[in-house]
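Structures incoming, each one as structure tokens.
One chain, chain A, appears in both complexes that follow, with chain B as partner in the first and chain C in the second.
On to the complex of A and B.
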């Protein structure tokens, strides 16, 4: 399936950064986006994220389908919030400015609209950081740089294996699915719920058991090569952290600190334009 | 399993996570409540936790959920990522007792497995995920508890049926090869 985002080698400033600093950036960026509801910070992050995304020279085609999926889930979520809690905005901002006047529980308020706008731009702060991280990070280099900053290499290796084997397992999944289809199992979306569960099981059984075999094969191969015997190992893809990496890490940490300070100064996580 | 965290565990985390990520696309939407699914990947998480223990289970849950959602949906909903660890740890703690690889996953263990998974899922999706949603994302309580309850139901059904069958079947196959005896 082409729906998945994957790494693509290019030569930009962002590609040259170490995988570790991009991981730190990604995690801290998401943290900052999660802890604040300050519209000004969020908007600044949307713009900054957009600029960085443009700098990474990612082709739109690479992320188009996934982007559409995010939009779909975002709209579902926004509708769902309105359906379950049309007064969440009033609860947060303390005022109630009616925009429609049907006298009904579901009257639209300016506060609700503003709250949902914040939820919406929150998505747009996180999306570019995810795309950038996934598209510009080489899995082997990520493992090497994680080990380089003191994370045990067994842990770094687990992450590397996960990223390395996703395409393989994905291939197995497609092949098994095609094979079951050839045997006449209905794979379309038309089937009823019990049928869909049954057909999913018909994929998972062979897939899981072949995965268990693969775990045995790979761990035996690694054991034969003496993996885990020594405290250290060397990496083919290793690159030392450069000035650019330290700058990225410091900026990400500063961003989180800044959002926390703003939360304290605002006396809460919300920026309230209604007072 | 002499060492607690050996090569097999490292590889199981890696390839298990890959499998969990790939199965993200096999989710069956529960139409009634938006953004909740009948997730076959949960059955696989339960399976791997029961075979390889709590650390492997927790890491596969967290890493797999974050990566899978990022790769297929382009956004990571952190408050629903971390509860996966509870499910993995909860089931994984009883890995020794299940003795799946030794062929010991039979009637009594199936009951224990289901009891544990229902408890772990309840803590994860009825309590932890909605509370994190409210704390982290300031989402309306009614909505998130609704979603949590449905996620809980979906997960216990899929783990209860698919997970139990997978474990019983694998235990039968893996247990057979234990005919050799160690020489002193």
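On to the complex of A and C.
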């Protein structure tokens, strides 16, 4: 069983950054990408994102599965835009340069193509930043970072404890599935799909009950050790911010500011090459 | 004398959902620096007492309290769980469940983080606690990389960071192999002597706890305190037997020899006990008891040849394991946590495919058979019934394996009824499974396998977490199945008593290698094997030695045989 998007300890300058600054970078980077359709900025971000991704020495295997899933949704998204709003490009850029001439509603325009190209590269600006954040941030630091940007510590810790228990629950699932299979509840492809769905119940219920037992024990154990007593909480794994962290935070903030300024200068979110 | 640090006065508690109080009229004083063992069968209310001390009652489990309880100057009902946590450190039995952090260091730091202490202070305290429980080299390890004993150390360290006054252990030995349990008891003792704390241990594995001195043993039975005495005194009375708590084996043996033990001979530890007054009686008894009868040989039902398995292709979890099982045998598979016991069972059931080697059932290679097909001849019962039960009604649950195999409804009903009768569950046939007790649920999970009439039954830790009474109940039930149905039974276990008393043979695994395949008594009287497999030499061995009986294995065997006949006689009277 391979774990998707799992943290791997490596020694790069990105790994050495505090989880907090990586989270801030991730949020600001995505904000910048969200508020602009300026192709020049987006392309610059794609290139920069690619370079940072390469610097993080992330192996393709770590992110492959998720990357493919994102690609699938991106293509679906692009097709849907064309299907439901084939004139979106014209509405935005104000011109209509026909590339096909069937006289049909669905005639392809250069403006539509350019708009969808922008949507597409937006995906490519965001993808590397998600991967970098998840793959280079130690899960232990995740909760501390989330709490650092203002998320309540109870919520932040829930995420961390879920991470802690995923392998255990996976193990339980496997064991229960095996035992039920030995009782004759066929879960392999030999059984028909409706049967398999019905029989899933014979795994889900025991899994649910044993997981509830677990939750019960854990929440008691947490309470016994004072979790939730105070409004604030400190973190063993929180890393102090260093010069590199401040630089990253300043650069990300500058990027957002620059994007906003460009929006004002362009008189809108879009860069228009058709005028 | 100093003021008691824990004091129950005419204390009673009734859970909201229950009619009757779970504990009544508790009067108990525990003084600072004492080490107290609270023993009692499950359902006796001993865990309820623990929950009262750490404030989980009435904080998390509500109900009615009468009388008073003072713990370190506080009233737990007013101070609440958080208030008590500063004074009482609780170590639970489920070491897995209470491991909260993603790494050892974070887990140790957990309580300190909740106090919002500055990070620098947390670092210092974590380092100190790690040293105290000897896990300083494991700070960066994740819980999955730790053994059961190491996890237990971390749990202990996690409560020690807080400078608590009272350490409360709720069945600390339940999931540990015997040798690790022994070390845990040593560690508790070490901490008690180094840090001015009061220790309360709740446990029914009495002999294991007594590996190190305790000041008093409090016996709880049916919600009341039935004894509160020094171990030397208590071991000379009949209280333990009456309450269904297993007394140390050497004590039982001396009693069987017809002796009355006197407190002056310090029976708390076999090593330091004065054995002289009993020596000749024990020797006489040994020669009088008939030797164990060898079972006649029967046909081989299961053969395992050079079985090897590896999860990742490089490191073997099992290496060239070979053995055979005869029809109608009861065999235990023992070894420390992670020795490969569960893997072996999984290979036999077909959950994994071996890297090398073969498994034969009645002389036929079963490698082509699927998990389901094997399931018809080899039944597998998981450790917790909650991991198996998936239907709300008893009849439905037990019949599930037949129903999914397309057996006609009428036949399912008759076979389920027959099985329920065998398992003593027939009176409950129309009950929802949820209304049954844990022990009954365990029977349900066994019944749901038996209904398919397998030739071999494999059980994973059939008695884990059970007290002596329930343990005896489950094991006698299995023995009965073995005798009447001729069922072959394989058991994965940590429990040395189980192995000794109920199995004909033990397969000892150590780091994936089959280290011994011999009589249980031989395993537990061979120091070499016992140590390597993380088992513990039985105290019967020490008793025999002290009584100048050289054949310690035979002594152990005769003792077990004698107890077995005794139990059968008792049953006959009933």
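Methods note: the second predicted complex is superposed on the first by the 193 of 275 C-alpha atoms of A that agree within 3 Å, B and C clash if a C-alpha of one lies under 4 Å from a C-alpha of the other, contacts with A are read in each partner's own complex, and residues count from 1 in each chain.
Following the convention adopted for this analysis, a residue touches a chain if its C-beta (ideal position, glycine included) is under 8 Å from a C-beta of that chain, and two chains touch if they have at least 3 such contacts.
What you see is a predicted model; the values in this text were computed from it and never measured.
When the two complexes are overlaid on their common chain A, residue A:176 makes contact with chain C while staying clear of chain B.
In the superposition on chain A, contact is made by A:161 with both chain B and chain C. Contacts of A:269 after superposition on the shared chain: chain B is touched, whereas chain C is not. Judged by the touch definition given at the top, the superposed model places A:206 against chain C, while chain B stays out of reach. Comparing chain B with chain C, the partner in contact with more residues of chain A is B. Legend: residue contacts after superposition of the two complexes on their common chain; A:222 is shown touching both chain B and chain C. When the shared chain is aligned, chain C comes close enough to touch A:184, but chain B does not. In the superposition on chain A, contact of A:32 is made with neither chain B nor chain C. Applying the stated contact rule after C-alpha superposition, one finds that A:84 touches chain B and leaves chain C untouched.
Shared-chain residue A:236: touches chain C; no touch with chain B. Residues 160-161, 163-164, 168, 201, 203, 205, 209, 214, 218, 222-223, 227-228 of chain A contact both chain B in one complex and chain C in the other.
Residues 5-8, 10-19, 21-23, 25-26, 28, 33-35, 38, 40, 43-44, 47, 51, 59, 63-64, 67, 70-76, 78, 136-143, 146, 158, 161-162, 165-166, 169-170, 173 of chain B are the ones touching chain A in the complex. Remark: chain A residues 139-140, 160-161, 163-164, 167-168, 172, 175-176, 178-186, 188, 190, 199, 201-203, 205-206, 209-210, 213-214, 217-218, 220-230, 232-238 touch chain C in the complex.
The part of chain C that touches chain A in the complex is made up of residues 54, 56, 59-60, 81-82, 85-86, 90, 92, 94, 96-98, 100-103, 105-106, 109-119, 122-123, 126, 143-144, 158-159, 162, 346, 349-351, 370-372, 374-376, 378-380, 382, 384, 386-391, 400-402, 404-405, 448-449, 452. Chain A contributes residues 1, 3-5, 30, 34-35, 37, 63, 66-67, 69-70, 73-74, 76-77, 79-81, 83-85, 88, 92, 119, 122-123, 126-127, 130-131, 133-134, 154, 157-166, 168-170, 173, 193, 196-197, 200-201, 203-205, 207-209, 211-212, 214-215, 218-219, 222-223, 227-228, 269-270 to its touches with chain B in the complex.
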